[in-house]
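Multiple structures are listed underneath, in structure tokens.
Consider the two complexes below, in which subunit A is the common component and subunit B and subunit C are the respective partners.
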Partner chain A sequence: MNELKIVGKSIKKIDAKDKVDGTAVYPQDIYLENMAFGVTIRSTRPHAYIKVDTKEAEKIDGVIKVFTYKDVPGKNHHGVVLKDHEVFASKKVRRIGDPIAFIVAETKEIAEYAKNFVKVEYEEIPAVFDPEEAMKEESPKVHDRDNVFYHFKIRRGDVERAFLECDVIVENVYKVPMVDHAFLQPEAGVAYLDEDGRVVVIASTQYPHFDQEEIAESLGVNKDMVRVLTPAVGGAFGGREDITVQIHLAIAALTLKRPVKTIYSREESFLAHSKRHAMKMYYKTGALKDGTLLALEAKIIGDSGAYASWAMNVLRKAAVHATGPYYIPNVKVDSFAVYTNNPFTGAMRGFGATQVPIAYEQQIDILAEKLGLTPIEIRLKNCFREGSETSTGQILEGFIPLERCIEELKSF
Partner chain B sequence: MNLKKIDVNINGKDYCLEVEENLRLIDLLRDKLHLTGTKEGCGEGECGACTVIMDGEIVNSCLVLAFQADKCRIITIEGIEDEIIKNSFIEEGAVQCGFCTPGMVLAAKSLLDKNLNPNEEEIREAISGNLCRCTGYNKIVSAIKKAASIKRGGDSE
Partner chain C sequence: MKKRGKGIACIFYGTGYGNGFPDVSRAYARLLKDGKVEISVGATEVGQGAKTVMVQIAAETLGLSDKDIVLINEDTSKTPDAGTAAASRQTYNTGNAVKIACENLREKILDEAVKLLGVNTKVGLHIKDGLIHVKSYPSRNVSLKEIAENNKELKAEGIFTAQTTQMDENGQGAPYWPYTFASCAVEVEVDTETGEVKILRAKHVLDVGRAVNPTLVEGQIDGGFAMGVGYALMEDIGLKEGRMTNGSFEKSIIPTSLDIPEIEKVLIEYP
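Entry: the complex of A and B
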């Protein structure tokens, strides 16, 4: 075989030179002629009806306009799957951090100062922070619907009968918390109108094509009137898949016909973007004396916070991975995505496949201990191999070197 | 707001400037002089993305007020011509999103200016004020080792 030109070689990243020189351009590094600056007013309450008064702020010298839901020319909504976010909260806030208004001023200092003069009146209503509480019928509703907005099921074999045949059964509950991506570059962006009157939005985003669609919908214009440019992105890890600065900037630039920039502080960045789903995982795993896994029953509850974002995909993936890389003939899994008044959760490295190993791997270790097997022995007995069937019926073909990987671990 | 007059040398160039009393050094560099290689990751001295060299020592420019730089020599990433350090970062794969990179390069520069034979612990200590969310640090450490070795006249190992 000819020697491969790329595979197996160390390739220099094409943008590395600009980055070591400090000349790579992130959105905060852009300065345009006649550029105004915007800051966002966010909810300080987790669940409340709101009334907003921007009059005082708009009187301040140097404040150009304070945007609220009334100033959204098109649809006041966005969201990667369900359109359940509002561009600006209209009647109700559903979490701490919901955007309520966007102050645009001649300078950053003026915009920051004007923040003190936007009056937000909150009428607090009961909130729910525990997803299991939120699943109950009598709990406060985050949206005008049931808090449980997604339920995914896997049914394979007969778990009830299989558990009767098991020599040992381990039952535990596992909880993992929310996690922030904490990418190093806080959100920032610039928007302006180009010569053809199109709105150009420059933002570090993972989804320029999605953003374009969502911006156009909120502006009430065709997609071809919106351009989204992605300069250098300072880390993302899933945290830049939902809209943050993009629509606010686009509305401001289109309305004011001048460039507008915004930069979030680290604190605001934490408030603005999604988190990894906190999950509560009820696990029951059963095996025969020799370590053969026979049955698994799991209930996985994902805290979606105030908005859905990618919850369906994440909770589905958590369920699909619930057995781990082990063959189990009898499986029953139920996963749920639930609205609460917590920060909203979405994509983060692994998309649901990251949480479940905390549960299934510990279950296997505990089973091994009870059966007098080593952690390696029990895994070798059950791990996926070529031709194995997963709990969703997929036959694994091709290269499945898991056995070799586990063998390698023997030397540690 | 009171203005203060300062004389400051930035990357070898002398500036005589009037700055607001509450202006941070990072804002002077970025907003007034458009030296945007200096990054703001946290604004409170945690991340080191805003690292610059001030009279030979690395500082967080988000924690220094501009007037405190009066009569000082400041070196930002734009003033670093050390191709050995920069190339080592590129070759070792120490650059991903790049937002921490200017600060990391300056921290490395400040270390190697004083110590051409740092051990692993000294390297980790030298970059302990700089957060990187992408690389996991190991490649940055090997980049600095490699640069030190080249500077000592060794080969690139």
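Entry: the complex of A and C
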């Protein structure tokens, strides 16, 4: 291999200085001439039919327009996989925090004041918050379909027979809660029309080209008519995969033909973006006396909250990683993504591969204790090496240095 | 009473979208009139260092300094789609797209250099510090700036698609490639009366492939470790009937630098 000159060198991060001295431009920092300000009205109930009356709010001096689902020029939906989010709730809210209306006013203060005059009438309906309850046939339905919208299976070997051969079996249930990405910069954005009549949306996002498609679909325009600019982004960790401010701003700017800005508070940011999937993980792991892992049976239930976002991919990734980095010849895994009336969950650093280690690593430590092995010994005995087969039958080739990673911990 | 204990954990992690999902990154490379090279790519800088590593990869491929690369990654009307800045995919996927775009541009630049240098082949030509030399006769050279001035526009595209195979109904297949591996050890002190946990020290060993920028990799380890500490010991949005009882930083406690010990980091690199 040729000697590398720049790759492998810790050159200074190109955007570091601007971020340290405060000159980096975040969407919050952008002010355009004749810019109006928008605030979002959000559901305060987890599951309810709604009626919205914006008349009183629109009479307030300085309020330009209150946008609702009726004002969406294109499709009133978005979503990274399933288009199950509404841009504005039309008939029903499915979680606390669902956007219902967007008030655009001359100033932030007027828009905030006008919030008190948008009347939302809620007719509450039975809600479901526990995914296992939601899996039952008789449970309230979050969408017009079964709450279980994804079931992924791994079947390898024969777990039933293998458990009979195991000298020790450990069975436990692990629960992990929803958590927030807690990125530093709450959502904010500005939208305006450029000289070519295109809608320009300046927003902190992780995937500008996908946002462009979703914005265009809700505006009912060709995607070339939408431009997404991403100035400095104050962290993301998956929490900026789904749409938050983008479509509301684009609709307002296109309709009003003037720049519109919005900035979420930290509290609104918590309401607006996804969370890490809470999971309940049923684990049964069996090994031989010498510590050789023989069988794993796992059931993983992921709380998707009110919307799917990336749940299918996250629950699939959780299942694929459910064995941990260990060779287990007999594996049965079932993972489920379930709608509830909780906050919606989506991408967050690790994407399903973060939850399962809480289970598989505690299982292996408990097995080690029962078998009189050290945590290092049992891991070295079972860890993936070059040529190992994963639970999906994938043969690991190339550089598989897990053994070395574990050996490195011996000196700790 | 305070008690101390050590623990270890290992993980593996599949990079990219996975499961046969089209995982495509695109990049453009263009020779500018001043001899610098513009890279346009839709990879978002979310703090992970995309701007820096894309520049490093481009500079390395073209034999230029990082100062000679102009990166554009902030405007969908100027950049091709490079997929999402997630799934640990930008350095690997989009980095490869940038590399391919630069290799393609390099060939075009060398084709032009052949004409300007009056040599019979581009074999044996190499780019160093903005000059294209005949390797065995370095005084015969032409600058990128001269090549740019002599040509309307030299540009190239790079497309990279990650390898991934969809799984069947039994969950069999090769959903991710590559996988990465890691191990971690911590020593903690637990107050048995209050339940308070203090992390005394930690070691993190990570299979990183080739670290394009080791300091940035270490920064990712620090940040990831802190997020893990929050997940394991502190954070919960506290759901009650669909409502977050910890829906702000008043109650949703995240770690600060005071909660995180110095982490001994080992990067395992290959090749």
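To be clear about the criterion, the second predicted complex is superposed on the first by the 407 of 412 C-alpha atoms of A that agree within 3 Å, B and C clash if a C-alpha of one lies under 4 Å from a C-alpha of the other, contacts with A are read in each partner's own complex, and residues count from 1 in each chain.
Please note the rule applied: a residue touches a chain if its C-beta (ideal position, glycine included) is under 8 Å from a C-beta of that chain, and two chains touch if they have at least 3 such contacts.
Predicted, not measured: the structure shown is a model, and the values here were computed from it.
S.K.: Would you check which partner chain A:209 touches, where first means subunit B only, second means subunit C only, and both and neither mean what they say?
M.R.: Touch partner of A:209: subunit C, not subunit B.
S.K.: Which partner chains sit in contact with A:315 here, subunit B, subunit C, both or neither? Use first/second/both/neither.
M.R.: A:315 contacts neither subunit B nor subunit C.
S.K.: Can A:266 be said to touch subunit B (first), subunit C (second), both, or neither?
M.R.: Once the two structures are laid over each other on A, A:266 reaches both partners.
S.K.: For A:405, is the partner it touches subunit B (first), subunit C (second), both, or none of the two (neither)?
M.R.: The answer is second: A:405 touches subunit C but not subunit B.
S.K.: Determine, under the contact definition given at the top, whether A:361 touches first (subunit B), second (subunit C), both, or neither.
M.R.: Only subunit C; A:361 stays clear of subunit B.
S.K.: With the two complexes superposed on chain A, say which partner A:24 touches: subunit B (first), subunit C (second), both, or neither.
M.R.: After superposing on A, A:24 lies in contact with subunit B but is clear of subunit C.
S.K.: A:7 contacts which: subunit B (first), subunit C (second), both, neither?
M.R.: A:7 contacts subunit C only, not subunit B.
S.K.: Quick one: is A:182 in contact with subunit B, with subunit C, with both, or with neither? Answer first, second, both or neither.
M.R.: both
S.K.: Specify the partner with more touching residues on subunit A, choosing between subunit B and subunit C.
M.R.: C
S.K.: For A:46 in the superposed arrangement: first (subunit B), second (subunit C), both or neither?
M.R.: The second partner, subunit C, only.
S.K.: Just which bits of subunit A does subunit B share with subunit C as contact spots?
M.R.: Subunit A residues touching both partners: 10, 12-13, 15, 182, 232-237, 266.
S.K.: Which part of subunit B faces subunit A closely enough to touch in the complex?
M.R.: These residues of subunit B touch subunit A: 30-31, 34, 36-44, 46-47, 49, 76-78, 80, 86, 89-91, 93, 95-102, 105, 131-134.
S.K.: Given the complex with subunit A, which residues does subunit C contribute to the contact?
M.R.: Against subunit A, subunit C makes touches at 6-14, 17-19, 21, 42, 44-47, 49, 51-52, 55-57, 59-60, 63, 65-66, 71, 73-77, 81-87, 167, 169-179, 181-185, 187, 203, 205-207, 209-216, 224, 227, 230-232, 235-239, 241-244, 247-249, 252, 254, 266, 268, 270-271.
S.K.: Spell out the part of subunit A that touches subunit B in their complex, as residue ranges.
M.R.: Subunit A reaches subunit B through residues 10, 12-13, 15-26, 28-29, 31, 181-186, 232-237, 263, 265-266.
S.K.: In their complex, what parts of subunit A are in touch with subunit C?
M.R.: Going by the criterion above, the answer is residues 1, 4-15, 46-47, 95-96, 127, 129, 152-156, 176-180, 182, 198, 205-210, 212, 226-238, 240-241, 266-267, 270-271, 275-276, 278, 313, 316-317, 319-321, 324-325, 333, 340-343, 347, 349-351, 353-354, 357-358, 361, 365, 375-376, 379, 383-384, 391-394, 396, 398-402, 404-406, 408-409, 412.
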